[in-house]
């Protein structure tokens, strides 16, 4: 409690001086608006549903891309983690593709899919697949070999093996990769929207700036902070993998 | 049983009348309010004589380490006072070097052996040029000349502990506070370092307070052994070790008086 | 003669096979040359632009943008991180606010930065610095707050001042963490350099590939992608080499 109090000193001072200086005319910069106006714009945006619609669009795309990345990354990671030979063969290709910034694929994705959810989700998937893939490979490599021998003696096929042995055994570590990827998914989705895709929170942020509705712009920025913060807190406590994968373990 | 020491090599026998260090009715407790208040040390009064080798033994977790930290000034007593040469101790000082048990955590892993020793000299603001001969002398005194440019991570435990001792000696301390310094070492290395520290403290007539849970080590090294009882720690007994110096790993340990002391200490600790 | 591992050959064979398959598909017109020009065309465009030198201006523009933004983020991140990691008061004052704004996508700062700084290099650098500061900052906080208690006590006994403690003990002890953070920050810097170039039409490879797409010059687009990959790889490896040199003491064993 005391820590929250101390922690709110600086933001409170900042906001108060911002409000006061803009009210007294000390600060007349158009790009600044006022805290009270920003709050009002935020409440209006939430009330008429415009912020929530945009949030829904962004989340939809982020989750879509994340799901594609998770499926692809976990399956490919399991295969490569089980076969050291294959991993060595594919590794240089992975290492060559990985450092290309995902956003650099925006023009290519635009050319292929046009504006809309597909191009955005493709970029999100490209950005998210690497942490999932890398973590899965190392997690599968770390599985106790005895467990895989059990699968051998039970003559399990690959899907059974993946469901009953590999995923549960590597679950904790894959979970870490998925958490990282979830954070990345939201950031990349917003980024693609800001750069050019006309949908979601990123776009409405750009729109607000371009139409000089500075109060709306700041309100949306604040909203992004809030959902980012809540998402982080959720991920720390549950992690998406426990929802997606807890059934696979049975 | 009283046998007078004939030699003073290896651990000063000539105890001065003014104490080198003293604790007077020192207690320490954590936690402010009464329910969770925990008493760690209770009413400890202790004199460390100038030039003596004082060993403190006690069961693990008995607060030995805390007591040593108090002597160094790193921990302040809740009540009572700690004095060094008559002055009340208010904080740590270069005059009281402390040697930690876990040498791997107490050395700077990013500095070479020579760099670790030089740290103490930098602390007094010495110019690098002046540091060099002192570092070289300490390296050869501790037998680690060949390791001078190696990093601590490359050395064995015994070597690392030698580095830590060298760094403490570079402080030119008036008193050496050692916290189970050889506890983590193998038996051979431990014995070698025991003898080295005896020679060092004898040569320089250094006051040493040495904490250990190894009763034999305490008898072998000490002029006196203080026995602590646990929770809260308090002094049960202080015994004078009337074994001749220089001591020898074989003959000293076979001396009937050594065995008698061991017997007595063992009984004291078992009872508590 | 050194024997070459057959797996290494296989690895390069695999990458080559992918490229050849793509070439084949393009030659047979299975895939649209507008979206997927054959690799040979993309490479010849790249080679031509390397040879006539026209690629270096945007290449270095992006590289400099990345490095400057990264340097800003690193300096600020280490300074703030050191303060938070070594002072209880600074931590209590700053941490909740930083925790709140940290999840904000750096690209969301672009509209604000544009309002204040226009479509300028300063805008780009400030956005890069905002996004790339977090890994260094968090790593520095962690490094400074996990200094071995024994080392703290050594510093107390030797009578080091607070500044000496930070310089001689806390900073070197936090260095492995800081370098790990610096590497992540560098990758983020490149991403944001590309994003801001696209968004604000600033010169560089990011703008180049954006423009190539508008002109439907997809071979140029691929050439740009390859170069961005090379830049990311080079930057990361350079830092890794630096890390191995500076942290030599960590990899040595008895």
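Each chain gets a letter, A, B and C, in the order it is written, and its residues are counted from 1.
By our rule, contacts are C-beta pairs under 8 Å (C-beta built on N, C-alpha and C of every residue); 3 or more make two chains touch, one makes a residue touch a chain.
Keep in mind it's a predicted model, so treat the numbers as computed, not measured.
Participant: Suppose chain centres are the mean of their C-alpha atoms. Which chain sits farthest from chain B?
Facilitator: Relative to chain B, the chain whose C-alpha centre sits farthest away is A.
Participant: Mind having a look at which chain is the central one, using mean CA positions?
Facilitator: Most central by this criterion: C.
Participant: I'd like to verify one number: the distance from the centre of chain B to the centre of chain C, where each centre is the average of its C-alpha atoms, in whole angstrom.
Facilitator: Between these chains, centre-to-centre, one finds 50 Å.
Participant: If you average the CA atoms of chain A and of chain C, how far apart do the two points sit, in angstrom?
Facilitator: From the centre of chain A to the centre of chain C is 18 Å.
Participant: Taking each chain's centre as its mean C-alpha position, how far apart are chain A and chain B in Å?
Facilitator: 55
Participant: Please name which positions on chain B make contact with chain C in the complex.
Facilitator: On the chain B side, the touching residues are 69, 72-74, 91-94, 96-98, 100, 102, 105-106, 108-111, 119-120, 122-123, 150-156, 171.
Participant: Flag every residue of chain C that touches chain A in the complex, lowest number first.
Facilitator: Touch residues, chain C against chain A: 7-8, 10-15, 18, 34-35, 92-97, 99-108, 110-112, 114-116, 187, 190-191, 194-195, 198-199, 205-206, 209-210, 212-214, 216, 218, 221, 224-225, 228-229, 231-233, 236.
Participant: If you look only at chain C, which of its residues touch chain B in the complex?
Facilitator: 148-151, 153-154, 156-160, 164, 168-169, 172-173, 175, 247-250, 252-254
Participant: Residues of chain A touching chain C in their complex?
Facilitator: 3-4, 6-11, 31, 85, 88-93, 95-97, 99-108, 110-112, 183, 186-187, 190-191, 194-196, 202, 205-206, 208-209, 214, 217-218, 221, 224-225, 228-229, 231-232
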